[in-house]
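Dropping a structure here in C-alpha cells format, bear with me for questions.
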Amino acid sequence: MDTELALAWVREIAAAVERQEAQLTELDSAIGDSDHGSNLRRGFNAVMTALDSPEPTAVGAVLAKTGATLISKVGGASGPLYGSAFRAMGKALPEEKATTAALATALAEGLLAIQQLGGAAPGDKTIVDAWAPALAAFEQAVSQGLSAAAEAAAEAADQGARDTVPLQARKGRASYLGPRSIGHQDPGATSTALIFRALAQSARTA
Amino acid sequence: MDTELALAWVREIAAAVERQEAQLTELDSAIGDSDHGSNLRRGFNAVMTALDSPEPTAVGAVLAKTGATLISKVGGASGPLYGSAFRAMGKALPEEKATTAALATALAEGLLAIQQLGGAAPGDKTIVDAWAPALAAFEQAVSQGLSAAAEAAAEAADQGARDTVPLQARKGRASYLGPRSIGHQDPGATSTALIFRALAQSARTA
Amino acid sequence: MKKLINSPETVLTDALTGFAAAHPELAVDIPNRVIARAVRPERPKVALISGGGSGHEPLHAGFVGPGMLDAACPGEVFTSPVPDQMLTAAQAVHSGAGVVLIVKNYTGDVMNFQLAAELAVEEGIEVRTVLVNDDVAVEDSTWTAGRRGTGATVMVEKIAGALAERGAALDEVAAVAQRVNAASRSFAIALTAATVPAAGKPGFDLPEDEIEVGVGIHGEPGRRRERLRPANELAAEVVDTILADHDLAAGDEVIALVNGLGGTPLLELYVVYGEVQARLAERGIRIARNLVGNYVTSLDMAGFSLTLTKADAELLELWDAPVATTALTWS
Amino acid sequence: MKKLINSPETVLTDALTGFAAAHPELAVDIPNRVIARAVRPERPKVALISGGGSGHEPLHAGFVGPGMLDAACPGEVFTSPVPDQMLTAAQAVHSGAGVVLIVKNYTGDVMNFQLAAELAVEEGIEVRTVLVNDDVAVEDSTWTAGRRGTGATVMVEKIAGALAERGAALDEVAAVAQRVNAASRSFAIALTAATVPAAGKPGFDLPEDEIEVGVGIHGEPGRRRERLRPANELAAEVVDTILADHDLAAGDEVIALVNGLGGTPLLELYVVYGEVQARLAERGIRIARNLVGNYVTSLDMAGFSLTLTKADAELLELWDAPVATTALTWS
C-alpha cells in the first residue's frame, strides 16, 4: 500500500459512509440512539478536509491523521474506537509504503486499540465482530497479495456483521436493551464491514 | 311550571349534557379549546348534588341554585353566562309556581343577563343565537301552554344553533380564528338548544 | 391520548396535591384551588392575584412568591377559574392595601374575574383589574373578543410584583401593570396541537410539514396554516409581525421572552432565541433582558411564542428586583 | 419531523449561538463547544467539568455557574463530546487545584473523557474522573456496559459544585461526587420516542396505549413495553423498582427529582410527584428536598424519570448551598 492507495481507501470509506448514512442510522435507531450514520459522516467529512491540506506523504501519516481527525470530530463510541484504530494503524506503518504483511500487522494493531479502549470481546455485538474475522481472513490471504487479502477481509467482515444479528449485545448502548438487542445487526460491525469493503474496492482499482 | 317540573328540567339538562358531552367538546375543539362538554358536565353534576340537599321548594329557588352552582363550578365562558342566566331566571320567578307567561319573562331575563355579561348580539355566533330565537318562539306560543311553547322554543333553538354554522364568530374564543370559524356550529348555541330541548321534554312528560 | 395522569377529572386536584407536597413554602388550598404565599406581609402591601385555566404551567402558580404574585387561582384545564377561587384568594392575601387582579383577556377569564371583583368589593376589599392582551395574532377590533393575553403575563406579574413588594399604592401597582402590558406584544407558532385530557385527542390535526401560525395557548387553531420552514425564517416572521404592531425603533431596548409551548426542547428554543436576537439586532433593537424556556405553556403543544416588552430604566430596574418563586428566581 | 431548527447539521452551533446571546454572564466558545464561567475564581479552586451529548438540556450547560459546574462540553445530539472539548474546557477553567470530570456512564462518554483526561494530564493538569451510573433499569453486570448515568447527574454536579466552591481539595470533591452517585438511583418511563434531528424520525414506534419502561435518555427503547396505566400505578412501580435496588429504610430522607424527559407538561410532572411522595411516605421515607421539572431531558420525549438520592446532613447542607446557573438558582 502506498500513500495514494491509503488516500484512496480513506476516500472510499468516506464515500461509502455518505451513501450508507441512512442505513447505518436506521440500524442504530433499532438498538441505539440513531446517530451512527451521522457520526461517521461528520467524521469522514472532516477527514476529507484534513487530508487535503497538507496532503500526507506516507501511508502511516494518512492513517494517523485519519485517526486523529476521527477522535476530534466524531465523539460517541465510534469516534474514539475508529480513531484509535486508525491512529494505531498509522503508528504501525512508519515506512512510506507498506507491504501487505505490514498492513496485516497494522490491522491487528487497529483491533488491539479497539479492544484496549472498549474492552469488547468477539461475540459482544460490536465493531470487534467484524474487524476480528476480517483481520483473520486478511492474514490468511496475505501471501495472495493486497487485492485478494482485502477481498477476503471484506467478505469476512460482511459475514461478521451479519452474524451479529442473533447476538445479544454486551457492550455499548445496545447492551441496555438486554435480550431486545437480539435480532438486529450491529451498526458498528456494519460500518466496519464497509471500511474493509472500501479497502478491497480501492485495492482492486489501484 | 312547579318545583317538580323545574327540577325535572334541570335533571333533564344534566342527563342531556352527560349524553352529549363528547359532541359538545368535539364542536369546541373545532373552533375553541375542547372543553365545553366537560365544563357543562362538571357544572351540571355539581348542580345535581346541590339540588339534592336540601331540595329547593320553589321554582325560583331551583333555578337560582342552579345558576349559583354553575357560576361556582364551571368557569370558562359558559359558566358565568349560563350561571347568570339561571340566576336571573330564578330571581324573576318569586312565586312558588310559575305561569307560562312568567316563565317567558324569566327566559327573557336570562337572555338579558347573558347579553349584559357577555355583550354578544345576535349573529355573533354565541349562546345568544340559540337563546334569542328560542325566547321569541316561546313568547309567541305562550298562549298555547307550556308544553307547546317549550316545543316551539326547542325547535327554534335547534334552528338557531344550526344557523350559527355559516357565521363568523365575533365573541368568545372562536373569534380568534377569524374567517376560519366559519363552517362550524357554535358549541354554546348547541348546548343552549339542548337546554330548551330538555325543557320541552320535561314539559311534555310532566 | 398518552398522559401521566390518573384521570381527566382529577388531574387538577392531583397536580395541586403534588405541587403542595413539593413546595411547602407555599400555602396550597387544594379544595378551593388557591395557591398563596404562606407568609403574610409584615406591613400592608398591595396583593397581586392572577389565575386562569390550567395547562399553562408554570403560569400562574409557579409565579407565586416574594417579588411576584401573592396568590394564583388555577381553573380546570384551559378553563378559567370560578369567581369563588379569586374571592378566597383575595380574602387570604388581602392585607389592607387592596388587590390587583391580573387577568388574561379571554371571555371566560374576564367574566369570572369580573364576578369575583364584584364579590370582593362586597367584602370591602378594594380591587383593580388589569387586563393582559398582548397577542398580535388577534386583530383588536369589534370583530373579536380582543387580543389574547399570553407571554406578557410574565412581565406584568414580575414587574408589578416588584413594585408591590416595595410598598407602592394600589393605583401605582395597577398602573405599572397596565404600562407593561401596553409595552408588550406576543406572537406564537405551533408545530403540533395540544391534547386536552378531557377531550382525549389533539385540538386539531396538522400534517407532518405544516404549522399553525398565530396560535393561542388553548389548543385552538391559529390564524392560518403554513409550511414548516427553518427556524431562522420562522423567527424572522414572528419578529417582523410583532414589530409591525409595536412602536419599537432602532436604539430601543426590550425584554424578550422566547417561550416554549410545552413540547419543544430547550435546545430548539435556544436556536430560536439566537435567530430572534439576530433579527432584532438587524433592526437596531437590543435585548436588554431575556427569558428562554417554558413559562406560558399549552400542555404538550410543540412550538414557541415570542414576547417583546419595550423597556425603560424603571421597568428594567423592577425586572431586576429579587424574585423567589418556583419558576422564576433571582436575587 | 417537525423541529425549530435550521438544519440537523447546524443545530448545535445554532443553539450555542442562542445560548451565548442569552447568557452573557457565561463564556461560550462556540467553535470549540465549551461553555464556561466568564469570571475566573479569585483563589485556586477545584474545577468541575461535565459534558455529554446534546438534547438533554438544560444538562449540562444550564448547570454552569457559581455553586455548580465550571464548564460544560456539549457533543452533537445524543453523541458524547470529543476529547478536544474537555481539554479546551480544562485549560480554560483550571486554576491550579485540579479538575474533576463528571461523566455519565455511556461507552462513548467514558472513552472520550478518558482520552481527554490523558491529554489534560499531559498538560500538567491533575484530573479525577467521577462516573455517574444511577439507572437501575440496566442490570449492572458483565452483560452490559454498566448502568447509565441519568438524573443523578444533577445531584452530583450540585453537591460536588458546592463543596468545590468552599475550597475543598480535589480528592474531597471527587469523593463527595462519588458518594452522591453511590447514594442515587433512577428509573424512567417513556410515553413517546425522541426524534433525533439527523435521523428525522422517532427512535421507536409506540402504539397509542403502550409505554416503554426502563428507558434511557438517548431515545433507545427501554427494557420492556407495557400498557399505559394511571400515573399513580406508574409512579408506584417506579418507586418500588428503585427501592428494590436502594438501601433506603423507613426513617430515611431523600432528595427527589421528578424529571420531565422533554415533552411532558409540568402539570403532569406534579401529578407524578404527588404520587411518588405518597408512595414513599407509605414506606416511611421522607422527601427532604425536591426538584420537579425538565432537568435531564431526551429531546421531545414524553415521560418522566425519578431519581432518589439518600440524604444526610452533609449532603443536604451542600444541596442547600447557593447556586446561580441558568437552570438552577437559589441563595
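Just so it is clear, A, B, C and D label the chains in written order, and each chain counts residues from 1 on its own.
Note that a contact is a pair of C-beta atoms (placed from the backbone, for glycine too) under 8 Å apart; a residue touches a chain by one contact, two chains touch by 3 or more.
Computed from a predicted structure; not experimentally measured.
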item	value
Chains in simultaneous contact with chain A and chain B	none
Chain A and chain C, separation of their C-alpha mean positions in angstrom	53
Gap in Å, rounded to a whole number, between the CA centres of chain D and chain A	32
Multi-chain contact sites of chain D, meaning residues that touch two or more partners	77
Overall pattern in which the protein chains touch one another (line/ring/star/complete/other)	line
Touching chain combinations (by label order)	A-D, B-C, C-D
Touching residues on chain C, where the partner in the complex is chain D	1-7, 11, 14-22, 54-55, 57-58, 62, 77, 191-192, 208-209, 211, 228, 230-232, 234, 262-275, 277, 287, 290, 292, 294, 297, 299-300, 302-304, 329-331
Partner chain A, residues of chain D touching it in the complex	8, 53, 75-84, 106-108, 111-112, 114-115, 137-139, 142-145, 148, 196, 198-199, 201, 203-204, 216, 218-221, 223-224
Residues on chain A engaged by chain D in the complex (per definition of touch)	25, 29, 31-35, 37-39, 42, 71-81, 117-118, 168, 170-178, 180
